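In the part that follows, the structures are each spelled out as structure tokens.
Same chain, two partners: chain A is paired with chain B first, then with chain C.
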Partner chain A sequence: MTATTSLPEVAPTGGTGPSHPAGTRGNTLLRLRESAADYVFYLPVLVVFVVLFAIPVVQSLYWSFTDFSVRSPEPEYVGFANYGRIFNDSSMMTALWFTLAYTIGTTLIVTVLAIPLAVVLNRRFVGRNLVRSVFFFPAIPSIAVLGLVWGFILSPIGSGVLNTVLDAVGGLGPVPWLSDPQLAQLSVILVGVWSQLGWHAILYLAYLQSIPSDLYEVATIDGASRRQQFFTITLPLLTPAVTVSQLLLLTNGLKVYDLPFTLTGGGPGYATYTMTQSIIQRGIAQAEFGQASALAVVFMLIVGAVVLLQLAVARRLEGRIR
Partner chain B sequence: MRTRARWGSVTTSLVMIPLAALVGFPFYYIVVNTMKTQQETANSPLALPTSLNFDNYVEVFQTLPLVQSFANTFVVTVASIVLMLVVGSMAAFASLIRQTWVSRAIAAMLVLAFVVPFQSTLIPLYRMLVDWRLVDTLQGLVVLYAAGSIFCYFLIQGYMRTVPFEVIEAARVDGAGVFRIYWTIVLPLIRPILITVGVFQAMWVWNDFITPNVFISSPRNETLVLQVYSAVGQFSVNWPAFMTLTVIVLIPMVIFFVVMQRHIVNGLVQGSIKG
Partner chain C sequence: MLHSTSRRATLTAAAFIAAGTLALTGCAAEGGEDGSTTLSFFSWDNEDVMGPVIEAFEAENPDITIEFSNAPPVVEYISTLQTRLLSGTAADVFILAAENKSNVIDGGYALNLDGESFMEPIAEFNQQTYSGADGTYGMSVASWGGGVVVNNDLLAEAGVTEFPSDWDGFLELAGTLSEAGITPYYDNAQEIPMTLNALLGDSFSGDPTIDAQIFEGETTFEEQWTPALETFNELFTEGLVSTDVVGLGGDQIIDEFVNGRVAMIATGPWNVGNIRSSAPDMDFAFMPFPAPDGAGYLPGAASPGYAINSATENVDAATAFLEFLSSPEGVELYNAQSSAITTTSNFDPVLDDSLEAIVPDVRDGNVYLAQIAWPRSQDVLNTEAIARIQEMILGQISPEGVAQAMDAKLAESDG
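Entry: the complex of A and B
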């Protein structure tokens, strides 16, 4: 499960330190290998994998081809009917559409803002540590709670603080941040950007700090401007960070649920409805297990494709850098 | 040249500090309003409170079982993290002492878990927990969070290569069994990665909303985040009380952030930078 929401999921094998040549290791291990008990250490993780991943995935696949629901508790084969219905149902299609819009929106905006932010946070200035911490902090608390807080800030009535400020500054009437469909979608995306920006900037910062400073010294001596240095040194050396960060943003975006759910509840109408909310609504609340399973399978295929891409690109980049 | 650099630094500060203030604004907003009455919040939402008034804190603690939900969250987080780290490190240890085709096959199989989002297993898992009578229990949440052990396995396994094999070999020659080697030699040696992974997974479990929202229904089993969500309706007109609730819930996270900042950033980098 990649539900570790904000975790970098790439690079499961972070190889640090010297690895031992397989041959010599094999000999020294002879005595250990005599004991079959060693494999017992795999047992817990295998139980976790079978019970929490393998069996549920197979069940989801099976149910997605049946009419299994509270109304028909004996699953009966219905072919691809559930899959076909996804594309004819407006709530499921809007969910798919908004999930994609959120994913692409947050990925693009965060990437465009986080790189310059990281470059600035890498310079020396008064208050730098405080500024870094403040930008990073929104990634720490639960986004569900932050979504609720933003609900108050964006509220159209009375003390909605953003509207109060807009009114005081420019005499603008209350802006329906959360009750107009397009504005609600924009609000969700912008709050999503706010909560993730600093986190990704810190990720880029870590990569920036690993760029040797003599590269810049040489470039300065050669007369390269700051801008040229950014485009010819910084950006190319940041490529691995861009891959990691973007693919994290993509997977987290596709799996988004907490933020729209607590900020808008999926509304107005279905404007900010997500695929996850749709699966939960169909599968748990309405107990249409077959239909919800089909949606879950489609969702898994989309996320799976992105994760596989993520692993493939990361592996390839790694090969090029070494 | 030096003065120019200094001026540049001043400009950066002048730009970045207001920007940071903007980013941190929601936190300022909720904190100042915890010490106001409803009337004051409506009239001047951004002003500093006129006095140190803790009535809202008293009210929130009186109306909600916050201690209970804090205890629930704490127990679930600690139990889940211990379970994940034990399961993950055991498997990583197995892959260290057994570098055979079986180990490679298991590793390849476990990678598949990364392709499966929680949402896609949600409905079968829900029905499974119903069968096991674990829906709406804290144990049920811990069972679900155990899924995180696979992520732990991969991070720990990467770090375990740094364990000098001679140490294990020596212990073996001295007659120590595998369980003793795992427990008394390997676990202490990999403590840094256990802390990093533990901190990261703890943030996930503590903050998680989707699992308790789907699996917990009775108020006495609510986690903190779920309790905040359920209380929105209750405090829909009393904004200061709601802000107070969120501040109370955020305080442990702020402390955690300040104490663990180094480990959090470490974990963030560890997962992405190699070597």
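Entry: the complex of A and C
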């Protein structure tokens, strides 16, 4: 069924009857006024975008070709020298590898766990709101504070919280969570998953609640099991949520800084060193703004490429499901 | 109606903006009409430490008002200072940290303090720390030095009554404690370990220009650092210290110590209060780091120096403030508020008894900290050193490999 509504005719501004040219001019003026009103609403966002994003990006691009630093406040053009130094930095490849591992690891694990968690949190049970709050809690405190707390929990010596529990429960010896390079990487990824899981589960929950219950009722009448309902109704209809969630996980993962910095300091060795740590070190601590800008430009291009790839894959998947 | 409400709202907003602008203009005023001066001061010490010092100065100089601001050390302070210097909004007086002194001095942001009367009581070592090619740019009134903090009760439990003065004796002590079932020693490996800084200082003590020589290409990290790294690494190759130390932060190490789970740790005097409050009954003392040839250098440095902004219009007021800060009264107040080991010739600091064994070396300037002795690329090299030392502790690379990586990083950094 389609509803048709006739729009009220706009009264001509002058004259006695609707003449064609005057009506067209009136409609055009009305459209102009409407679009002007639209632009007024866009303006604050546009100002924020230009001031906080466009101008800094252009400035960074400019500085990346200069020797701008606190020692050299009058920047001089140095060509691609800053870019050349990035690719000669031995720690950068390790940082890039771990940043990608963290991003892919947290994105996959959070997605795989958050959807079933959202389905469970969508059911009715006693204390549901409390459980939802508990899962959402890690998204509230600063991740830097959580990193320090997890440092005590995952302490590699016998008195560490988790090692004490393992010893009490199973008599297991101290596990070197943060002093073994591979375990340290795993620990950072798992704490990253823990801190983001609840937030993304709530995101999926919001999308789940918009799925019409009729679909499940019909499926139940048709004899579909819960598993079949999940894979044929829930999951396909959650695809837009998956796109949004993964976009956020990917961008947050690529930009990660505070968690590895507070939990492991980037170690042992360079095992958990990240790209942003390197940019911040060059730009803030070392005050080599030209060098840091080149690093930021390269990093922005990498993030842009990854995000575009993810969006292309997500759109193709959404298209197939439709 | 709508129009009049909107107009009223616009007028109200305009009035607020005008009032705000006037208020801001008032804030930016340098001095009052009565001839008083407002002197801005930026530090990494907080208001608890600097408040009484500033109050005493203002009482002595009623025409000068100090506008105080602070940021916590080290990275946040340095980044804030550098941003303000570049934008021309830095305070009239600020503290010059060893970590970025070369940026500030070479950038021409601080005044040369040579020949000023307030520099007379400043210790030679502190003056050297904040000197550039043609003068001294920071007035540092204190130094810090780290030590091996010893839980005397745990040493007594293992039958040890005396702390050794040389490296072999230290290894023997660690072995004795280990055999008694006591964890012997932790040093924070998430920074360049204090023990290594002490060993490096000891090996360079005959020649304080070693770091400059490395950076000028006359010698290498490999040549200068390898012996100290090999000595330090004995703690791990002989199984006396757990390699898990690479996963422990400074707070966790203190926590282990105050709970009696480790007999000795390396730390600085800033943790005395923490240890006293967390373990009030503990019998502990700071001891000098043992070196291969006997007790030598301590890890440590001159505290930040007070510097005068080269762009200030209040040079006289800034000079008066530095005069007060280096006076016996100013130094006494600073020592009382911060418990810092002051090094000026005009005042003997009052310090915690536990620091007794390390204070003479600190006041004599027998302290060394690699990361601030480097003339450039400090942060990049510091990160490289920490990462490679951790890899050495885990047995992934040799001491020589650590030093070679440092040489490679310096070459990379210099482009």
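Convention: the second predicted complex is superposed on the first by the 235 of 322 C-alpha atoms of A that agree within 3 Å, B and C clash if a C-alpha of one lies under 4 Å from a C-alpha of the other, contacts with A are read in each partner's own complex, and residues count from 1 in each chain.
The rule is simple: contacts are C-beta pairs under 8 Å (C-beta built on N, C-alpha and C of every residue); 3 or more make two chains touch, one makes a residue touch a chain.
In this text the structure is predicted, and so the values were computed from the model without any measurement.
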Inquiry  = With both complexes overlaid on chain A, does A:S142 touch chain B (first), chain C (second), both or neither?
reply    = first
Task = Considering only the touch criterion stated at the top, classify A:G266 as touching first (chain B), second (chain C), both, or neither.
result = second
Message = Looking at A:F152 after the superposition, I want to know if it touches chain B, chain C, both of them or none. Which is it: first, second, both, neither?
response = both
Ask   = Is A:V188 touching the first partner chain B, the second partner chain C, both, or neither of them?
value = neither
Task = Could you tell me if A:R71 is touching chain B, chain C, both of them or neither one (first, second, both, neither)?
result = second
Key: Contacts of A:V110 with chain B and chain C, given as first, second, both or neither   = neither
Request  = Return the chain, chain B or chain C, that is in touch with more residues of chain A.
outcome  = B
Query = Counting only touches as set out at the top, which of chain B and chain C does A:A201 meet: first, second, both, neither?
reply = neither
Chain B and chain C footprints on chain A, overlapping residues = 148, 151-152, 159, 284
Ask   = Taking the complex as given, what residues does chain A use to touch chain C?
value = 69-71, 73, 81, 84-85, 88-91, 148, 151-152, 154-157, 159, 174, 176-179, 181, 184, 264-270, 273, 281-282, 284-287
Key: Residue ranges of chain A in contact with chain B within the complex   = 1-17, 19-20, 22, 25-26, 28-29, 31-33, 35, 37-42, 44-46, 48-49, 51-53, 55-57, 59-60, 63, 120-121, 123-128, 130-131, 133-135, 137-138, 140-146, 148-153, 158-159, 161, 164-165, 194, 197-199, 202-203, 206-207, 210, 240-241, 244, 254-255, 257-258, 261-262, 275-276, 279-280, 283-284, 289, 292-293, 296-297, 299-300, 303-304, 307-308, 311, 318
Ask   = Which residues of chain C touch chain A in their complex?
value = 75, 78-79, 82, 85-86, 100, 102-104, 106-107, 190, 242-249, 251-252, 255-256, 259, 261, 377-380, 383-384, 386-388, 390-391, 394, 396, 408-409, 412, 415
Ask   = What part of chain B is in contact with chain A in the complex they form?
value = 8-10, 12-13, 16-17, 19-21, 23-24, 26-27, 29-30, 41-42, 45-46, 86-88, 90-91, 93-94, 97-99, 102, 106, 109-128, 143-144, 146-151, 153-155, 157-159, 161-162, 165, 169, 172, 178, 182, 200-201, 203-204, 206-210, 213-214, 225, 228-229, 232, 239, 242-243, 246, 249-250, 253-254, 256-257, 261, 264-265, 267-275
